[in-house]
Amino acid sequence: MAQETEIGLGKKARIAYGLDDISIVPSRRTRDPQDVSTSWQVDAYEFDIPVIGAPMDSVTSPQTAIAMGKLGTVGVLDLEGLWTRYENPEPILEKIASLDPDDATAYLQQAYAEPIKPELIVERLHEIRDAGVTVAGALSPQRTQQYYSTVLNAGVDLFVIRGTSVSAEHVSKDHEPLNLKQFIYDLDVPVIVGGAANYRAALHLMRAGAAGVLVGFGGVATSANRQTIGVSIPMATAISDVAEARRDYMDESGGRYVQVIADGSMGESGSFVTALAMGADAAMLGAPLARAQEAPGHGTHWGSEARHATLPRGLRSEVGTVGTLQEILYGPSHKADGTTNFIGALRRAMASCGYVDIKSFQRCPVVVTANRS
Amino acid sequence: MAQETEIGLGKKARIAYGLDDISIVPSRRTRDPQDVSTSWQVDAYEFDIPVIGAPMDSVTSPQTAIAMGKLGTVGVLDLEGLWTRYENPEPILEKIASLDPDDATAYLQQAYAEPIKPELIVERLHEIRDAGVTVAGALSPQRTQQYYSTVLNAGVDLFVIRGTSVSAEHVSKDHEPLNLKQFIYDLDVPVIVGGAANYRAALHLMRAGAAGVLVGFGGVATSANRQTIGVSIPMATAISDVAEARRDYMDESGGRYVQVIADGSMGESGSFVTALAMGADAAMLGAPLARAQEAPGHGTHWGSEARHATLPRGLRSEVGTVGTLQEILYGPSHKADGTTNFIGALRRAMASCGYVDIKSFQRCPVVVTANRS
Amino acid sequence: MAQETEIGLGKKARIAYGLDDISIVPSRRTRDPQDVSTSWQVDAYEFDIPVIGAPMDSVTSPQTAIAMGKLGTVGVLDLEGLWTRYENPEPILEKIASLDPDDATAYLQQAYAEPIKPELIVERLHEIRDAGVTVAGALSPQRTQQYYSTVLNAGVDLFVIRGTSVSAEHVSKDHEPLNLKQFIYDLDVPVIVGGAANYRAALHLMRAGAAGVLVGFGGVATSANRQTIGVSIPMATAISDVAEARRDYMDESGGRYVQVIADGSMGESGSFVTALAMGADAAMLGAPLARAQEAPGHGTHWGSEARHATLPRGLRSEVGTVGTLQEILYGPSHKADGTTNFIGALRRAMASCGYVDIKSFQRCPVVVTANRS
Amino acid sequence: MAQETEIGLGKKARIAYGLDDISIVPSRRTRDPQDVSTSWQVDAYEFDIPVIGAPMDSVTSPQTAIAMGKLGTVGVLDLEGLWTRYENPEPILEKIASLDPDDATAYLQQAYAEPIKPELIVERLHEIRDAGVTVAGALSPQRTQQYYSTVLNAGVDLFVIRGTSVSAEHVSKDHEPLNLKQFIYDLDVPVIVGGAANYRAALHLMRAGAAGVLVGFGGVATSANRQTIGVSIPMATAISDVAEARRDYMDESGGRYVQVIADGSMGESGSFVTALAMGADAAMLGAPLARAQEAPGHGTHWGSEARHATLPRGLRSEVGTVGTLQEILYGPSHKADGTTNFIGALRRAMASCGYVDIKSFQRCPVVVTANRS
């Protein structure tokens, strides 16, 4: 493994890069933006654009999941979020949005102490399915065994298992951990699982049968994880590592292609585009979609780690409202701040570099910038 | 290609530098500033100073083009700008300057929605020619085919084709793209074309017959491009790459010397000087000239990307007014902020390092600074 | 010694890293946080958690030493601090906390000009022993010879010798310096000594018989030392170097294991966790514990260098109050800023990376981040 | 020459470091601060401390030159400054100090337009000599020929030739440049000359007979030079390069030792100490001494470049007043900000690393810090 540095006599380390350290540099050929394809697919499900709405209560509600489906993408409902704990979470959402950041964490802890209601899981998923769009729901690894049969009976098209760190080999003293391989094998639906942080973690998830692997922890928790537990994932390096795992697994599996999905640290369209250039097939977006007029977070945003009962990581942040979901995804933009027209930005970057589809754009040459200027 | 780093297992990248990362360090010999020559030439046109006024409505109007010509340089008129859309753009320019940055983008989009009038192209170019200075006009690659015969009939000395990313090999599904090589061959006037970002892109533009190659995207769009589409060009690396293409092309063409013109990221005289030390023959300046009392932007500045209808990049920024065009170019300075006396600064840097002309100054030794201190 | 760079023709240097430059990246296996052991021991003294309360008047008073003992750790009393100079230091502590930062240094110099009273050393140590917890006291190298017999007669379990730079080989013209090896040999109690900054300094302290070696200067003085005397210790590199000295000394001594204790630059739980991942067995915490409701500093914090009579280094800083000692160490957290639940954070990081104890966690893979994003 | 990086295909560069990038790390041995010698000498003149007062009107007046002499060091009078242009410059100094930074440059240009009076050169130097201290005066290379005989007749012990870039080989079309070698050979007094920026420039000045070489441009001009003309000297690299030139020249000259004097970029005692650890024998201080109660700048500070008639570089900055000259040099400090007790700081650093004199301290091991933390 190249590009190692010596921290001290007793420790070596790789140098790792974030998306902000990377810049795309156009080369010889250019193309028309309208000639570019941005489609991708997971299993049999094909989508027009390489975007997934993150399973976060500030981003994906049953209503926004439906809206995203109609816009050519898919929103994943957090099945351990407010929508499965409360019959009507709207007053809670409004309260969260109205609080000072300093007080919000304690209120999140209290609001999410309400038990999950299996019947609400069923109800929410049915609501999405009735709208005729792709149905996707997420559980944490800890609760997958408890609720997955409820989820499957309610019916989902895509099943997401998402935690800050998910491994194919969890060890526990007092309970039998989820056997991910057996679990995925037994299910009928494609499973997207993560976050994975590097080649090895991702390769094991691929061998366990994942249809897609999430890379990263989700955006808002990144800096908070570093501050609280010293753990973080420089995304450019992580995506590139996991893309290599995809190549190697494709070889060892005789051709199974696992989707690599960047999850987090993509607050603006520029870093979203860069994540694909690093090798991602699609991106799970949180903050960018939380800025939609339709977003349940009312201009605020928080991750699932932010509500942890004893060790919250990440704050409820103010992301503001910048336009409709339609404008955020497809434009037009009337500000030049990278918060709207994500797909227009992607098309222009791909066209400027002469690529016709995301698969080839993953090979796009980039540079590391010494300083961010 | 040296100085590569590994971003992750699946991706390698060069480390690239901006002008701010570079510092000129004087060596053994020194000279008198007045003994230094700053002249350069494109084809038969020779200029006293290595500066071109950028084709931006905040910088070059017919009047400032004339003023620049009389000061020993040349201003390029944007032939798709306000001067060819409106008989009298002054009220529009004043409105743009008066708006809040947050509201300016939407107004730019609206103002530039007015169609281009071919008769105004003719009128503006005639006005410049009548003043007896070099006439230069710019079109985007997209509109070159539509308007170039109007431009040629009106008469230009230098023809500039300028886009955020211009290639000698554009691919399109629904229209026949500009055959740059044939086009340049058929024209009677020297063509300056860009922005190119690296060796390969520049070499193809040189082979297509360009008399000069623009390096970069223009200044104001740089950070915005990165934020919105992930694309940016660290200028020190880009200029040095393109200078190498110039050397190789001179060899393969049996001696044709193509001018390398840095375009953007040179807000202060220090980075202007550094761009020449990287290998540029001249610099196309935007923001520095937008700070002139005569500048049409009235102390504000914007690039052509900032007015894009659906994906604007770059804001209308406030650059302020610091002196006359004469003072900005030739001094004297009464502030030490690098906004006036660009040529005095260049002369002093060249003299401190002992060089007599720009061609030899391109070999000036420099260092990369670990941190900007 | 690898990873050297050339500063100039006459000087080479290693590249050194701080804890903030490092990020822990989870790999394949994960675990349950409750399955993790955080215990460590010095000589016969075993502690539940790898934390030592720093010998600083803003952190450790007799009362907080007792409280720390009851919470499974140990607080070291500064035996040259206010508690051994004043019968009742509380008014002094309140005054220090109430002053403007600009005036505080001069007042610290004045308050610490009061002579040390040996009888107060005895009294304070007895007070701690009477509470039934581990008794630990610290002297500076300069005053160890003068007061150590007082200390030993009063009775301590752990003896700490702590200065900004402590060597096993001090040279003096006008007095016989402390023979550290003989001194430690003659004592009955385990001695922790530091701060050491690198392999060589640490190895000599280990050979002198230290039971534990402090790495670093203590937190608050770090940036001030750099500003005033140009000296600082990038902690990630220093801990890793000293951990290597521990390995080599264990080999040469036939199996003596010396504890490596990170001292300073760990203001948040993330850097505390990272210090252990670098190879530390435990951490001496200052600022984090000064934020306790019980802390004698009343929300302010200062190091022993800050009171130096002629060359103070480091200011009395405002650290605020964030919760009880219990909450800082064990949570629960209601803010996500890394100031509470240090042990919860450590457990989660260890569990995310699949390690069962601190000794194995020291091998945890990490990355160096190019930019802190 | 090691540690090169490739900026682009056409340009290579060394990586260069500033003093802020460097950190001193103590090694095995320690010493008592009072056992340390800080003396150095130029030719027959020996000084207690490695400090020279810079020839800047905000720092060295006849009065402060005398005060510095009595404090064991030497202040160099700028013989082209206000003291040789005005019989009584005090009202000018007060006016400069009272102006807004934005207006100060234009006033400096006007005040320094007054001609230099040779009789005032004589008068000022006599005033210093009459006080019984070492007499030192500085001229720029441009005016050395015009005034040096006046200076010599008035009597100086040390002659300083100081410009932003001084070479032993100046080339001019319309006048015969100073033949530095002949000039120094003909003089009776030791000559200190600079600023030199690297090995080659310094070696030529040494071969020209300089008793001391100034490294750098003087502090205040550094960032301004970079901003205006793209030139700057990362000081850690420059000092180390020039120290190597000293070693090589000592060899080729059969033992002539030329003093290496860091000039500028040492605003706090930490960077002053670091400059010596890089290989400097002494430091010419500007801003630190301009903070003295006695300083003629009344709490403001400017370099000679800041008054340039057409290309001023560097502003008149506000540095404040922190204590007497005595306190700045010898303490005691009552603030921990590195602005007082420069010699105390140096003694402590040397003692912490176990060195007895400056010559051996130049070999002090240091590290490059990846990020300034």
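We call the chains A, B, C and D, going by the order they appear; numbering starts again at 1 in every chain.
Everything below uses one rule, namely that a contact is a pair of C-beta atoms (placed from the backbone, for glycine too) under 8 Å apart; a residue touches a chain by one contact, two chains touch by 3 or more.
Because the structure is predicted, anything quoted here is derived from the model rather than measured.
Looking at chain A and chain D, the chains that touch each of them are B, C. Chain centre most remote from that of chain C: B (centre = mean of CA atoms).
Residues touching across the chain B-chain D interface largely differ between the two copies, under half of the numbers being common to both.
Note on chain A versus chain B: their Cα superposition corresponds to a rotation of 90 degrees, in steps of 5. Chain C and chain D have Cα centroids lying 40 Å from one another.
With centres taken as mean Cα positions, chain C sits 56 Å from chain B. Counting partner chains per residue, chain A shows two or more touched chains at residues 15-17, 237-238, 368.
Pairs of chains in mutual contact: A-B, A-C, B-D, C-D. The residues of chain C lying in touch with chain D in their complex are 5-11, 13-21, 102, 105-106, 109, 164-175, 197-198, 200-201, 204, 222-234, 237-238, 265, 306, 309-315, 368, 372. In the complex of the two chains, the chain B residues touching chain D come out as 1-3, 15-17, 22-32, 34-35, 199, 236-241, 243-245, 247, 268-274, 277-279, 331-338, 341, 344-346, 348-349, 352-354, 365-371, 373.
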